[in-house]
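Structures incoming, each one as structure tokens.
Both complexes shown next keep chain A, but they swap its partner, so chain B is in the first and chain C is in the second.
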Partner chain A sequence: MAYEDTKFEVFKQDKEDRPHEAVGTVHAPDEEIALQHARDVFARRPDCHNLWVIAEKDILKRTIQEIDQLIVNDSDAPEQTYLVCVKTGKRRAMTYVKHIGEVTANSHEAALKEALHKFNHKKNVYVWWVFPQTAVTQNDDEDIDILFTPGLQKAYRQPNQYHTVMPMRRIVHEEETA
Partner chain B sequence: MTEEQKLQEFEERIARGEKIEPGDWMPERYRKQLIRMISQHAHSEIVGMLPEGAWITKAPNLRRKMILISKVQDEAGHGQYLYHAAESLGAKREDLIQALLDGRAKYASVFNYPSLTWADMGVIGWLVDGAAIKNQTMLARASYGPYSRAMVRICAEEGFHMKQGKEMCIRYAQGTPKQREMLQDAINRWWWPSVMMFGLHDSESTNSAELLKWGIKTKTNDELRQEFVNELVPEIHALGLTVPDKDIYFDEESQNWVYGPIDWDEFWQVVRGNGPCNEERLAARRQAHEDGAWVREAIHAYADKKAQGLVA
Partner chain C sequence: MDNITTQHLANKLLAMADDELILAHRDSEWTGHAPILEEDIAFANIAQDELGHANIWYELRQALTAEEPNQVVYFRDLAGYRNAQIVELPKGDWAFSMLRQYFFDMLEQVRLPTLMNSSYKPLADAATKIRAEEIYHLRHTYTWLKRLGLGTEESNRRLQNALNELWPYAAQMFVPVAGEYSLVAADIVPAPTAVEAAWREQVEPFLTSIDLTIPANWPTQRPARSEHTKHLATLLADLQEVARFDPQANW
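Entry: the complex of A and B
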């Protein structure tokens, strides 16, 4: 049987006072399973306080070259909060765009236009993403212990718990002096 | 822009050290090569659970049991990281897994060898994961963003896999004659399959040139294999053990351990499905896939109902 999955962008927040950062994508039938996959794929080990999943179709993504072609149509849609994310610099990194703030608008395009105005002090931006806050699914604070804490408690999963360097050096030394 | 200009810009980006991201333009061949590599890699992680999973219930103490459970669970996790990375290129996880179950997809041949004693748990960690880390550390610098980031996460976890195995080998080497004998036997069985993990010699590898040009790989099979042999042989000798290669010698001029001929007939036999455990491994995967069918069916049925407003 063939299933059609939806593509979700995953944002990870390492600590409570850190920004959410895009870490990659998962494919899943719905946002609940997407959140579960996101936990298994992006937060089995590293620090994590909060995860967001957002269906890719709900995100307007524009590179800096595409900004000129931005057309904002009049809309009767109600205003709502949009989240704004940017990628600055072209260096290789573990993350893609980073969440920098919010704007209020009645469409994706209007939100991006507003973001360009509000965050115009941002230097070296070359990718912009905007999406409505309502498109975000995130873990509950009460699930933090279940989802993310066990990863930090298993010391035996840390390479530094194993003693191989010194014993090997000692054995080689004994051999050489024998 | 013409296709040619796009290709030129793409190759310039790679030369500058930029990462290629899922939405970016890329040649079809680059996409295909990546899907092939990433999915084979994912399958290897998933099948790689089996030789070690078999020993979880036979671990000699609780510490070793927790380590082994955690390690096998990590391999499952790594498979997931990689399937999701392959999906970012437009492949479907379901199709990739079906190709594995049908015997159409390849995976690391080393997992078609049996794990016969407890010492294999140490030697798989030290040799097999040690060889895998060489390859994965290189792939962590790959030009495709999601693959390279998956590799960075995987390498951080593989460090634990390799070191727990190496620690076990060092202890057994200093243990009773029986333990030393068991360890030497395991090294004898896993040495050549580990050396073969790096793939064909550079002169025979048809994909290498393209993978190097596009920054998917940054070192050749033989370069990585030589690094591995140079690191492992002196340490195995230091433990008073040997590798099963009567021709191996240290070449002062190149400062390399020069190994004897690799049995490529055996390599191809195993790749083609005639290794000691190919059938057993695929049968176990098929069984697991069938056993999980109801879960896939249930989560999709739930998602459909929710989309229709039939559940809260």
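Entry: the complex of A and C
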């Protein structure tokens, strides 16, 4: 490829009172296009109130096994707000990394350590993500009607609603017995 | 509405629907071939939106003429098509398809606000429904054109070539259909000359701002919408082949 795309994690908030959840990734040259791609790939039909895109390089991801080796170096960087997200439970399908709150810290590692302390009541956490609030690009509230509302007015069919399985079986059967 | 106005409005709706249908078909040719997977999905989305808009206009026309949209699309011969030539041109390179889409999105952008106030209520309601999606389309093409125009020497050159080729065709989008001025007088649709002026007022400064040179000639002599390039025949053969293979098939 002639140019390098950045990989962005996409967080989707279904409704205003729901937490943001990591739904997947998009590749894009910058945040603006990443947000457009996120809308097209993850929010064209389903409920959506807000999208975040965060460059993957700005996210510190650690499993519970990796946290033992967490090294927090002294830093004189200024403190800032970090967002904390966790994945709970071991099921592979339909479990998402969810936004649970914020901490203040001066590095990713310090933020994760602070998160472990602040959210130690959380049970069954298998994965922790932290990233600075400044790394988040999100859609404007006034975009909701443009980005997410039109799709809700449209009917769409799940693959199993096309009634193709039985006719295809019949065709195959006819060919086999011909 | 009297019979003659009904006929004029049916003409106008057919031109609007055919534009959307043929553009949707050309856009859909990028499916599986766009620069990256995410853009493939995005542009396929847009193609599908335009197809949905075509269906809305065909259905409005059906209420006036009783002609069923699938019949109109799949079993009408080339001579009956009223799309502008710009939408039937082959998809070209990415710059060409993005610029064409932008031209069409901007046509919608300047036309829909007036249509939303149309004295023909079904048309006003449909325009209101379509408007939000078109704002999103325009945002998508803006984003791409900025990057192509201001990107590299090659991306700017390709976009300039697309502009040189598309500019004369763009002018034909504003050619009125038979009886269109009676619809304007009845406040059903905006005046084509006003739409054209508003379109150029938006498009020209934007293209200049992304380092493109506007071609010198804006054609005043333009073919009617009944005239087509050689490309429409191959497009319709592709579009209509399956439906005509088995007209009785149940979808």
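Note that the second predicted complex is superposed on the first by the 149 of 178 C-alpha atoms of A that agree within 3 Å, B and C clash if a C-alpha of one lies under 4 Å from a C-alpha of the other, contacts with A are read in each partner's own complex, and residues count from 1 in each chain.
One rule holds in what follows: a residue touches a chain if its C-beta (ideal position, glycine included) is under 8 Å from a C-beta of that chain, and two chains touch if they have at least 3 such contacts.
The structure displayed is predicted, hence computed values, not measured ones.
> Look at A:Asp76 in the shared chain and tell me whether it touches chain B only, chain C only, both, or neither; answer first, second, both or neither.
After superposition on chain A, A:Asp76 lies in contact with neither partner.
> Which chain, chain B or chain C, is in touch with more residues of chain A?
Of the two chains, more chain A residues are contacted by B.
> Using the superposition on chain A described above, determine whether A:Glu16 touches chain B (first), chain C (second), both, or neither.
A:Glu16 contacts neither chain B nor chain C.
> Check the residue A:His27 against both partner chains and state whether it touches chain B (first), chain C (second), both, or neither.
A:His27: touches chain B and chain C.
> Applying the document's definition of touch, where does A:Asp40 land relative to chain B and chain C: first, second, both, or neither?
After superposition on chain A, A:Asp40 lies in contact with both partners, chain B and chain C.
> Quick one: classify A:Pro150 as touching chain B (first), chain C (second), both or neither.
Touch partner of A:Pro150: chain C, not chain B.
> For A:Asp68, decide between first (touching chain B), second (touching chain C), both and neither.
Neither chain B nor chain C is touched by A:Asp68.
> Quick one: classify A:Glu142 as touching chain B (first), chain C (second), both or neither.
neither
> Where on chain A do chain B and chain C both make contact?
On chain A, the overlap between the chain B and chain C contacts is residues 5, 26-27, 29, 33, 37, 40-41, 44, 154.
> Enumerate the contact residues on chain C facing chain A in the complex.
On the chain C side, the touching residues are 36-39, 41-42, 45, 52, 129, 132-133, 135-136, 139-140, 143, 147.
> Looking at the complex, which residues from chain B come into contact with chain A?
Interface residues on chain B, with respect to chain A: 16-19, 21-23, 63, 66-67, 70, 74, 77, 80-81, 84-85, 87-88, 92-94, 145-146, 148-150, 152-153, 156-157, 159-160, 162-164, 166-167, 170, 174, 234-235, 238-239, 296-297, 299-300, 302-304, 306-307.
> Within the complex, which stretch of chain A touches chain C?
Listed in rising order, the residues are 5, 26-29, 32-33, 36-37, 39-41, 44, 145-147, 149-150, 153-154.
> Could you pull out which chain A residues touch chain B in their complex?
Against chain B, chain A makes touches at 1-3, 5, 7, 23-27, 29-30, 33, 37, 40-42, 44-46, 61, 90, 92, 94, 96, 154, 156-159, 161-164, 167-168, 171-172, 175.
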